[in-house]
Amino acid sequence: MTFRPEELLADQIARLIGGVRHVAVGNASPIPAAAALLARERGKGRPYVSLLGSPKNTFWTDGARELFDCAGQGRIDVFFLSGGQIDGHGNVNLVEIGDHDHPKLRFPGSFGSAYLYYVVPKVILFRTEHSRRTLVPQVDYISAPGASAPNVFRPGGPVALITNRCLFSFADGRFTLRSVHPGHTIDEVMEHTGFDFDKPAHVPETPAPSAETLTLLRQTVAPQLAELYPQFAKQVFGIELKAAQ
Amino acid sequence: MFEIAKSLDEALSVITDGCMLVVPREVSGVPMEATRALIRRGIKNLHLVALPTSSLQADLLIGAGCVETLETSAVSLGEYGPAPRFTAAILNGTIRMKDATCPALHAALQAAEKGVPFMPLRGLIGSDVLKYRDDWKVIDSPFGDNDPIVLLPAIKPDVALFHAAMADRFGNVWIGRTRELSTMAHAAEKTVVTVERMHDGNLLDDPALAAGTLPGFYVDSIALAERGAWPLPLPDQYGADAAHLAEYAKLAATEDGFAQYLGKHVYAKQVA
Amino acid sequence: MFEIAKSLDEALSVITDGCMLVVPREVSGVPMEATRALIRRGIKNLHLVALPTSSLQADLLIGAGCVETLETSAVSLGEYGPAPRFTAAILNGTIRMKDATCPALHAALQAAEKGVPFMPLRGLIGSDVLKYRDDWKVIDSPFGDNDPIVLLPAIKPDVALFHAAMADRFGNVWIGRTRELSTMAHAAEKTVVTVERMHDGNLLDDPALAAGTLPGFYVDSIALAERGAWPLPLPDQYGADAAHLAEYAKLAATEDGFAQYLGKHVYAKQVA
Amino acid sequence: MTFRPEELLADQIARLIGGVRHVAVGNASPIPAAAALLARERGKGRPYVSLLGSPKNTFWTDGARELFDCAGQGRIDVFFLSGGQIDGHGNVNLVEIGDHDHPKLRFPGSFGSAYLYYVVPKVILFRTEHSRRTLVPQVDYISAPGASAPNVFRPGGPVALITNRCLFSFADGRFTLRSVHPGHTIDEVMEHTGFDFDKPAHVPETPAPSAETLTLLRQTVAPQLAELYPQFAKQVFGIELKAAQ
C-alpha cells in the first residue's frame, strides 16, 4: 500500500510510545496526536491519550493546570515537543532566532516545554522540516535544555527525534541515527543536519507502515483527529472539515 | 459587590488603562466580544496576562495598540499559523514580553489565590525562560541536599475577564471544568464576566451545577454577550469559526490587512 | 488501572499495615463503612492523615489500635464533645501526634498534587504548632526584605480513601464541590473509593456532572457501600445520625464502653 | 423582655462584626454563628456569612481549602476563635495543658487558628467559661499568638474577647475591659481573670439585646442555626432537632 509521509511518522511515533499508561499531546501537534490515537487503537484503549484542547480526548476536570499537575505527579509517561530550532544537545528553541534584544524571528513561545521536558520520562521530539536551519549545532534560545546538571531534579527528558528524513534516538546528551525513512539516504541526512550525531555501522531503513496500520489510521484515527485538527485531517486523510456550529 | 451591568461597556468600566488584566487561554472561554469593546474604547497600556497562552485575543489587542506588557507562554493561531501582530510587535520592540512557561503562570496565579508571596516549580533551571526572568528566583530547597528549585512570585491581576455559558442573578457563574477561571477570579482584585445567557434560579442550589460554579462572591460585574467568545470556541457550547480565523490570519499578516479587519469586525461592531 | 471491586474488603486490599492513608474531614465523605471493614481486618500502624480534621473516623481507628501516627489539625466529635479515644491515646502516649493547622495540610497535599517538594504558607510563625514540627522549615522569602515564611514538605500518601455519592463503570467518581477529594487522589499513589450507587453512562459525558467528577484515571478501586458514610453525613445526600453520634460519645468515654461499641457496631457488621 | 446569656453574647458579637463584607465562622462556634446570622439579618443580606460545615450557609465550591484561600486573599473580614486557654497577650491554646511530652489535658487541636489568626483583620475571641482556668497569664501551648514580631506578615489578629461575664477589646498586645454583662461585676471579672488587663475609669454595663434583636434571633436566626447546631438550637431556642434522613 502507498502511504503518506505523515502516516510513516505516526506509525513510528506510535512504536516509540510503547507500552505506557498515559500519553499526552500538546498544542499544534497533529502527527503526534495521530500517533497517540493509533497507539490507543492498537492497545484497545490503553494508553490513556490526552490531547490538549480536545474535550473529547481529555479527562481533565481540574482546569488547564491539570496536565502539568499530572506530569508533576509522574502520571504522564510520554509527551512531544517540537522546536523552531533543535540542537545536538537536545535543546529546543520555541522562542526566537537572533539576538534576544533584537530577534530576527519570533516563534509562538515555550508553552509548557520548560517544565514538561524535565518531568515527563519519555519526551519525543518531532520536526517535519529536517534542515540545517532547524537542526542546529546550538539553539539561539533554550526554551528547555536536553540535559541538566546532576543535581537538578530531572526524571524526564528526550528519548528520540523524528523528522521527515529519519529517526534519531537520544541518550547521554547525544543523538544517534536509528533509521532513515524510505526515499531518503544517510548522506542526505548528514548533509541536512546541522549538529553532530552518532552513526552506527548499520543504519536500517525505517519500516513502512503495515496495511493494518494504514487502515486503522485512515478509518479510525483520522475521524477522531478531525475534531482538533480539521485542516490536517483534510489535507492528509481527506476528512472534511465540519462547519462550526 | 456584584451587579448585572446595564451594558457590556459598563461591565468593562473597571478595566482601566494600564491595569493588569488576566484572560484565559484560547479554548477556555475567551471574552472576544468584550475584547472588541475594549479596543473600540481605545484601552491603552494593558499588562495582559494570558493564562497560560493566547491566540486571537492577544493578537488583536496587540495589533490595536492596547498592550504595553504581555506575560504568557505562547501566542499562536494554532492551525492558522503564527499570530502576526504579536510577532510583528516583538520584532519591532513595541511591547514588553515576559516569556513564561504554562505551569509557571498557573502556579503564580495560584500563589495569589492562596495569599502566598511565591510558589515553587520544578523544571526551568538551565532554560533561557528562567535566564530572562529576573523576577524569578532560584533557591536551594531546604528539604533537599543541593537541590535548586525556582520560586515564582505571585501574580495578582487587577481584573480577571472571561466568557462563560451562564450566570444567575446572584452573580454565580457556571464555569464547568475550566477551573482556571476560578483561580483567575480568586487571584484578581476584581472579576468581570460575560455570559451567553442568564440562568433562572440559583446555580448554587443545584449540587450538580454548583460543582462547576464560581460563586458570585468573587464576581463584580456580569454582562450578557451572546456568542461572546466568537470566533473562538466556548467549551460544551460551540466550536471555533474556522473560516473566520483563516480570514483573520490572512488579513492580519499585514498592517493594512489588520486595519481592514478591525474596521470590519471590531469598529463596525459586526458579528457573524 | 481501575477496577470495580468484587467486595469492599477486596477494594481495601491496597491499604496495608503501616501505610500512609489520607481521609477527608467529617463532612466531606468519610468512608465509615470502609473504616469499619479495616478495623475488622485488624489493620495496624497506620499513618493517618485527616484532611484537615477528623471526628468519629480517627477516634474509632485510634481506639481500635490501628493508628501509629496521626497527622491532622483537630479531632473532635463537635457538638457531641471531645473525641474520647483520641484524647486518651494522646494522654497515654500510644500514638504519635503530628499537630498541624488546616491550611498547612491542604497546602502539603497540593504540593504532592503539583509535584513540588514544598509549599509556602503564611501564619504559623511564633506558634507552638510550628515549634514542634521539625519537618517544617522557615526561610527568609527571597521576594521580601526580612520576611520569614514557613515551607511545608509535600505529603504523598500511599492511599487516599473516601466515600462519594456515585461512580460509573469507567471509574469516574462524582465528588461535587468537595474538591479536596480530587487533591487527595492527585496526591496519593493509589485511590480507593466507596460509593452509594453506580451511575449509568459516563460521568464525563455530561458537562454538568463532569465539572464535579474525579476522573477514573486517578482511581484504583471502587466498592459499593450504601450509606457508607453513616453515621456521618454525605454532602447533598444525607445528614449525620445525631442519636448514634451521641451514643458513641457516651460509650467511647470509657474503654469498656468503646469495646462494647466496637462489638455492636463494627465487629457485628450491624448498620442502622 | 427577658433573654438568655447566649442572646446577649450574640447581640454583642453582631455589633463587633460591624459593617464588613464577609464573616466566616469555624467549627464548634454556635454563638458566633448566631451572631453572624443576626448581623446578616440586620444588614439585609450583608455581610456574607460562611458557616464552616453548613452547605446552606457557605458558597464554597472549591473544597475545604477555599475558606483558607479566601482568607489569604484578604476576603474574610471577621473570624472567631476560642481556646482551652487564652492569655493576656491574646495567645490561644487549642491543644493541651501541661508539659508537651506528657500533657495533663488534651483539646481537639489548633484547627485553622495558626493561619487565620494572622490573616483575618478582625478576629473575635470568645470563651463562655470565664475563669482563671481558661483566662491565664500565659498559655501552656501557643496554637496561635496574639501578636507577632514587626517583620512577620500579619494583617490580622485579635480585636476583642467576649466571655460569659464581660467584653474586652484588644490592642497593642493587651486587653482592655469594655463592659460587664448584666448580673456580673467588675470585681467578679477581676477575681476570675488570670491575666492582667487595662480597666478604664468608667466601665459600662453591657446593654441588653433589644426586643427587635431577640425576635430576630428567635424567629429568624434560630431555625437557620438548627441545621448546623441542632443541640444548641434546642437548648437555647427550643428549636427541635430534625431526625437525620
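As written, the chains take the letters A, B, C and D, and residue 1 is the first residue of each chain.
Keep this in mind: a residue touches a chain if its C-beta (ideal position, glycine included) is under 8 Å from a C-beta of that chain, and two chains touch if they have at least 3 such contacts.
Computed from a prediction, not measured in an experiment: that's the story for all the values here.
Mean C-alpha positions place chain C and chain D at a centre distance of 28 Å. Centre-to-centre separation between chain A and chain C, using Cα means, comes to 40 Å.
Those residues of chain B in touch with two or more other chains are numbered 114-116, 121-122, 147, 149, 177, 179, 182, 210-212, 235-236. Residue positions 60-62, 68-69, 72, 119 of chain D each touch two or more of the other chains.
Arrangement of the chains shown, judged by which pairs touch: an irregular graph that fits none of the line, ring, star or complete shapes. Listed by label, the pairs of touching chains are A-B, A-C, B-C, B-D, C-D. Chain contact summary for the complex, chain C toward chain D: residues 24-28, 51-53, 72-76, 78-79, 82-83, 86-87, 90-91, 93, 99-104, 106, 110, 121-132, 146-149, 177-183, 231, 233, 235-236, 238-243.
Of all residues in chain C, only 107, 114-122, 137, 139, 141-144, 147, 149, 151, 153, 175-177, 207-212, 235-236 touch chain B in the complex they form. The part of chain A that touches chain B in the complex is made up of residues 27-28, 53, 55, 60-65, 67-69, 72, 94-96, 100, 102-119, 141-145, 148-149, 151-153, 229-232, 241, 244-245.
Chain contact summary for the complex, chain D toward chain B: residues 21-22, 46, 48, 59-62, 68-75, 119. Listing the residues of chain B that touch chain D in their complex gives 1, 112-116, 172, 179, 182, 186-187, 204, 210-218.
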